[in-house]
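Multiple structures follow.
Two complexes, one shared chain (chain A), two partners (chain B, chain C).
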Partner chain A sequence: MGTFILRRAVQGLLVVLGVTIVVFVATRLIGDPAKVMLPLSASDAQRAAFEAQFGLDKPLGQQFFAFLGDLMRFDFGESIWQRKPALDVVLGKLPKTLELIGAGMFLAIVIGIPLGAVAAIRPDGLFDRLIVGLSLTGLSIPQFWLGLLLIMIFAVGLGWVPTSGTGTLAHLILPALTLAVPAMARIMMLVRSSVINELNQQYVRTAKARGLPFVRVLFQHAMRNALVPVLTLAGWEVISAWAGYTVVVETVFAWPGLGFTAMKAIGQSDLFLLQAIVFVVAVGIVLVNILLDVLFKLIDPRIKDA
Partner chain B sequence: MANAQPTPILEVRDLCVEFDTMAGLVQGLRGVSFSVLPGETMALVGESGSGKSVTAQAIMGLIGLPGRISSGDILWKGQSLLTREGQKAAGKLRGKSVSMVFQDPMTSLNPLMTIGAHLVEVLRRHMGLSKDKAFARGVDLLDAVGITEPKRRMGQYPHEFSGGMRQRVMIALAIACEPELLIADEPTTALDVTIQAQVLDLLADLQKSMGLSIVLITHDLGIVAGLCEKVAVMYAGSIVEAGAAETVFAHAEHPYTQGLIRSTPRLDDRRARLVSIDGAPPSLLHPPKGCAFQSRCPVASRQCDEKPARQATPEGGTVTCWTPSVAAWAEPVDRQAEV
Partner chain C sequence: MNAPYRTALRAALSRALVSALLLGTALPLHAAGVTIAIGSEPTTLDPQQRDDGAERAVTDNIFETLLERTTDGTLVPGLAAEMPSQIDDLTWEFKLKPGVTFTNGEPFDAASVVASVTRIIDPAYNSEQMAYFGTIEGAEVVDDLTVHIKTSGPDPVLPARMYWMKMVPTTYAADEQFGRAPAGTGPYMLSEWAPGEGITLVRNDSYWGEAPEIDDVTYRFIGEAGTRLSGLMAGELDLIRNLYPEFAAAVPKAITTQGLETSTLILSTANPVMEDPKVRRALNLAIDRSALAESLFVGNAIPVHGQLVNPKSFGFNESLPQYAYDPEAARALIEEAGATGKTITLVGESGRWLKDRELIEAVGAYWSEIGLDVDIHIEEFGEYLNQLFDKEHRPDAIFVTNSDELLDADRPLTAGLEYNASYASNVDEEMAAKIQAARTETDVEARKALYAEITQKAFELDYLAPLLNQEDIYGLSERLEWTPRIDAKLLVKEMSVSE
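This part shows the complex of A and B:
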């Protein structure tokens, strides 16, 4: 297991390096920070001084090697927008995003898995139809619209929770729910079809023939097998929340996390901050993938070291 | 009991099972009756779709939607298992007094559980053993079914076992709680020939040492002859002929039984050409009113449009046919010249 994790970590390092290089090139294409950051009235001399300050006046090749060298020291330069080391800005926003993802995924899994499993007990039964209907609704709602709808109903209309911002549990509820609903719908659908599939397997029939009660057959036998594909999906949900959905949700709720900051960094053409964000996100994705591989090995003995 | 006949351990009376499918009501079983005495080995023989496995599932209480038992009765030592109290009792019997070995050992074990976990699970549930005692008993059981290094094997997963070894595990699971009746649904179909013989020998040994009753479901007449005292031949959801295995093989009464025996390959006569019964069984969606074998029967006549009644044979068996004991099939033509 130790060498397995180590090998995955080395592979992950290469991925992170590759992504960072791609981002270096991409960020140089989205705009000229000197034009965005400085007022329109700034003189050419002021612009040149600005570029010299951040090393943007040097040839692209030279910038790249300086960037690689800095990367080795985890130095992403200074955020143009915040005038602080870019990595510090990112790490400062990180806990807020982790809090949001943690709460959202917790809701999606804790609600999605049991409801999907119960629906699978009687396919096409009343409860199953209800669950399938709810899942389809959850899948079809655009996330940004759902967020705004929840704000209108629960924050503006009923006044139960604040419209935006952060600090208390009340602040967390709506963003977490908005993040959770589509993931919950997908998890519910997959758990349902996966459990239906497992309940039709021969080993379930033999377990019944051995006189085991249905509850045990469902949880001890069918559910464990059904959760293998669900784990894949759950990992995908965490990654896509981490690298995408949180940007939408944090923007709608002005949640001061990584996604919100990424939007700002793009708006400000803050190359250095953007590079740091992408680096941290890439590291996160690699870590989640390693964790998933370890979990798969723990659940399914058939998976050998690859 | 006043009469000399011992009470059958299992009796099936006029059992009918229906499946409510998209196409309509499929009559899986159409009045199946038989009984098994303590320590007796009975074979249910028939081609695919004749209702052998449905019969086994009905006995095990495994008929689930869209199927249901529409009429008839299943009795365990004289007590019905289909009444309300009977169903409760059946729940306790299942896996303990009556157990089952299935056709496909490759998919019959939970891939995420060790062999030991499977054994410990049933032993704790039905025998009330502690974890340690159940484990020790599991090791003994694996040893009893001929698995070497049983202690180490307990910790392994199904994918680390070959097909024959998995079927031995399935048998160990089936006999774990000292059942009185074992239903074996084509236990050797998925295994290669040498392993088949080993598994059948194992079943025969267990039957002798434990005094088990066995219902063996198969389409292989060779297996029946070697292992079973009684045989019941199924066709299109009913039993068409039943009796002592020896007499049924020697004097088959029903044209279908005769055809089955005739189409069994013979190793002792190399000239004999392999023959088959032409045609296919009738659809159980709209089974014929009269004899179900009518369309394939070489000696069918007009009276076969009526349903034949079950009648006793001179040898002490039963047959459901208007014209039993007629030699229905012409001798196979000797085609040696062509070979």
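This part shows the complex of A and C:
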């Protein structure tokens, strides 16, 4: 297990390095912070002075080697927009995004798995049709629209929770729910089809024939086997939330996390901040992947080291 | 659902109901606090560093300037005791109000003016606001309450510039903490800044001027227009800005005022097809500006008076009419010029300014109707800026919205009309020389005359196709009383709440 994790970690490191280099090149190609950040009526000379201050006037090759050197020391330079070390900005915003993803994924899993399993008991029954219908709705609703709809109903109409912002548990409910809905829908569908598949297996019939209570067959046998694909999906949901889905939710709910910051950084062409964000996100994805691999091995020891 | 749960739920609901009722009746007791939404969290409250409207919304209440403007834009003394006088071509003298202090105890005097000026023009400080202060060379103390500000050339705009430059305390401004815990001379001072959540200011009880009515103000950071709107509808907010015209009916109170922004198309005068003045005249005649104002802005915009200059700005040419709408004449001109069926490129962006994409597409449609083949390019903002500032390849027409913060013709005309200066698309060196001359002409009447000549010529030769002076639209809670300002500042000292 130790060498397995180590090998995954080394592979992950290479991925992070590769992604960071791609981002360096991409950000240099698309944006020009001096044009974006200074008033449109600033003179060319003022723009040049602004660039020089951040070392953006140097040849690209020189910038790149300086960037690699700094990277070794986890120095991503100073955010042009925030005027403080880029990595500090990212790490400062991180807890809020983790809070949102944690709450959203928790909702998706604790609601999605049982409902999917129950729907599978009687495929095409009334409850199943209801669940499938809800899932399809959840998958089809654009998240920003869902967010605004929830705000209109529960914050403006009923006044149960605040419309936006952060600070209390009440602030967390709507954004977490908005983030959870598509993930919840996918998890429900997958649990449903996996469990239906397992319930048709020979061993389930044998277990039932031996007189085991159905609930035990469902949750102890069928669900355990259905768990690997569900876990894969849950991991993917965390990664996709982490890598971008929070941007929409954070924007709609004025949630001061990484997604909102990433969008501002792109809007402001803040190259240094973008590099730091992508680095931290890439590290997160690699970590989640390693964690999933380890979990798979624990659940099903037959899985080979790839 | 079993009985205990149902009871608990009912209890929770009634608690919510009761607290809502209590909150409703409790408001008058705390009537003197307001909550304002701004589009993003300021990165600093140092008022000299960034060019950021969200930061200004807060610091406009903490810091003050030597000159200020009345609600309709007239310059009047602020921290200065009187309007400045010009000692010689390069020197302006300001007399200061006595007895003013910063909230950290430092006095406001000639030394703090010099410190403020020196700080903001220091290249190492790299202020994003240098575009407003490029002509300022330095300042010197004459006596405690008299200061001289020096410019590199004669600068008639200097008073307007000093309306933009916020005064900071001599010693404390150099402190690391200044941007997080600012100290100004203004009517409010920082009480709390909870990162990501909000900024709260409280009344500065030792303020030199008239004591404001509102005790405290909280700013919340909400980037999404729909979310701001719901916050106002739910009663969490008292004031939101940049309200979409369509939503004006949904809020408790919507008020508008003439804004600083003017949308325009910069026309090339050198490209094939575009070099013919008849074509450019036709482009202007083809656009129904009143229809744009009505349909896109629900009437909250005014068709321009033949120029890019804001009607409230110095240099506005009152003799220019609104553009006529005459598609028949436009089509005839295009035919006369032999341009029927020719392609012209229209470059723009989306999402930076209110209804930008809609305006660009509508203009494209008007131009197609007079027989031109219009090639619309909506670019990503970074790429759009590259094309806007590209001196070698000027698009046939490029959309831009000009914001005239200093309420003076110099900046809009330099940007939109001065050849080789910024994003002008004409090649008129004579006009460029006139714009430069006006920039340093200190005789008010002579300067006005120069701007009249410049705007007249640009109108006659159709160097631009200015569209609309946009109005600023604010959404207010029922209880907030406030008159919006031409300069779009959110001055809490001018607000009150009725109950």
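What we mean here is this: the second predicted complex is superposed on the first by the 302 of 306 C-alpha atoms of A that agree within 3 Å, B and C clash if a C-alpha of one lies under 4 Å from a C-alpha of the other, contacts with A are read in each partner's own complex, and residues count from 1 in each chain.
FYI, contacts are C-beta pairs under 8 Å (C-beta built on N, C-alpha and C of every residue); 3 or more make two chains touch, one makes a residue touch a chain.
Predicted, not measured: the structure shown is a model, and the values here were computed from it.
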item: Fit or clash between chain C and chain B when superposed on chain A; value: fit
item: Which superposed partner A:Thr163 touches (first chain B, second chain C, both, neither); value: second
item: Chain B versus chain C as contact partner of A:Lys96, first or second or both or neither; value: second
item: Partner chain(s) touched by A:Pro59 [first = chain B, second = chain C, both, neither]; value: neither
item: Chain B versus chain C as contact partner of A:Asp300, first or second or both or neither; value: first
item: Touching partner for A:Arg205 - first (chain B), second (chain C), both, neither; value: first
item: Chain B versus chain C as contact partner of A:Leu40, first or second or both or neither; value: second
item: Chain B versus chain C as contact partner of A:Gly2, first or second or both or neither; value: neither
item: Contacts of A:Arg224 with chain B and chain C, given as first, second, both or neither; value: first
item: Touched chain A residues, chain B compared with chain C; value: C
item: Gap in Å between nearest CA atoms once chain C and chain B share a frame through chain A; value: 31
item: Footprint of chain B on chain A - complex, ascending; value: 201-203, 205-212, 220-221, 224-225, 299-302
item: List of chain C residues in touch with chain A within their complex; value: 16, 20, 40-41, 43-44, 49, 51, 123, 126, 128-132, 134, 194-198, 220-224, 226-227, 230-231, 233-234, 236, 380-383, 385-386, 388-389, 400, 402, 411-412, 414-415, 421-423
item: Interfacial residue positions of chain A with respect to chain C in the complex; value: 30-32, 35-44, 46, 49-50, 53, 81-83, 92-93, 96, 148, 151-152, 155-156, 159-160, 162-167, 251-254, 256, 260, 264, 267, 269
item: Complex contacts: residues of chain B adjacent to chain A; value: 60, 62, 91-96, 99-100, 102, 104, 107-113, 121-122, 125-126, 157, 159, 170, 173
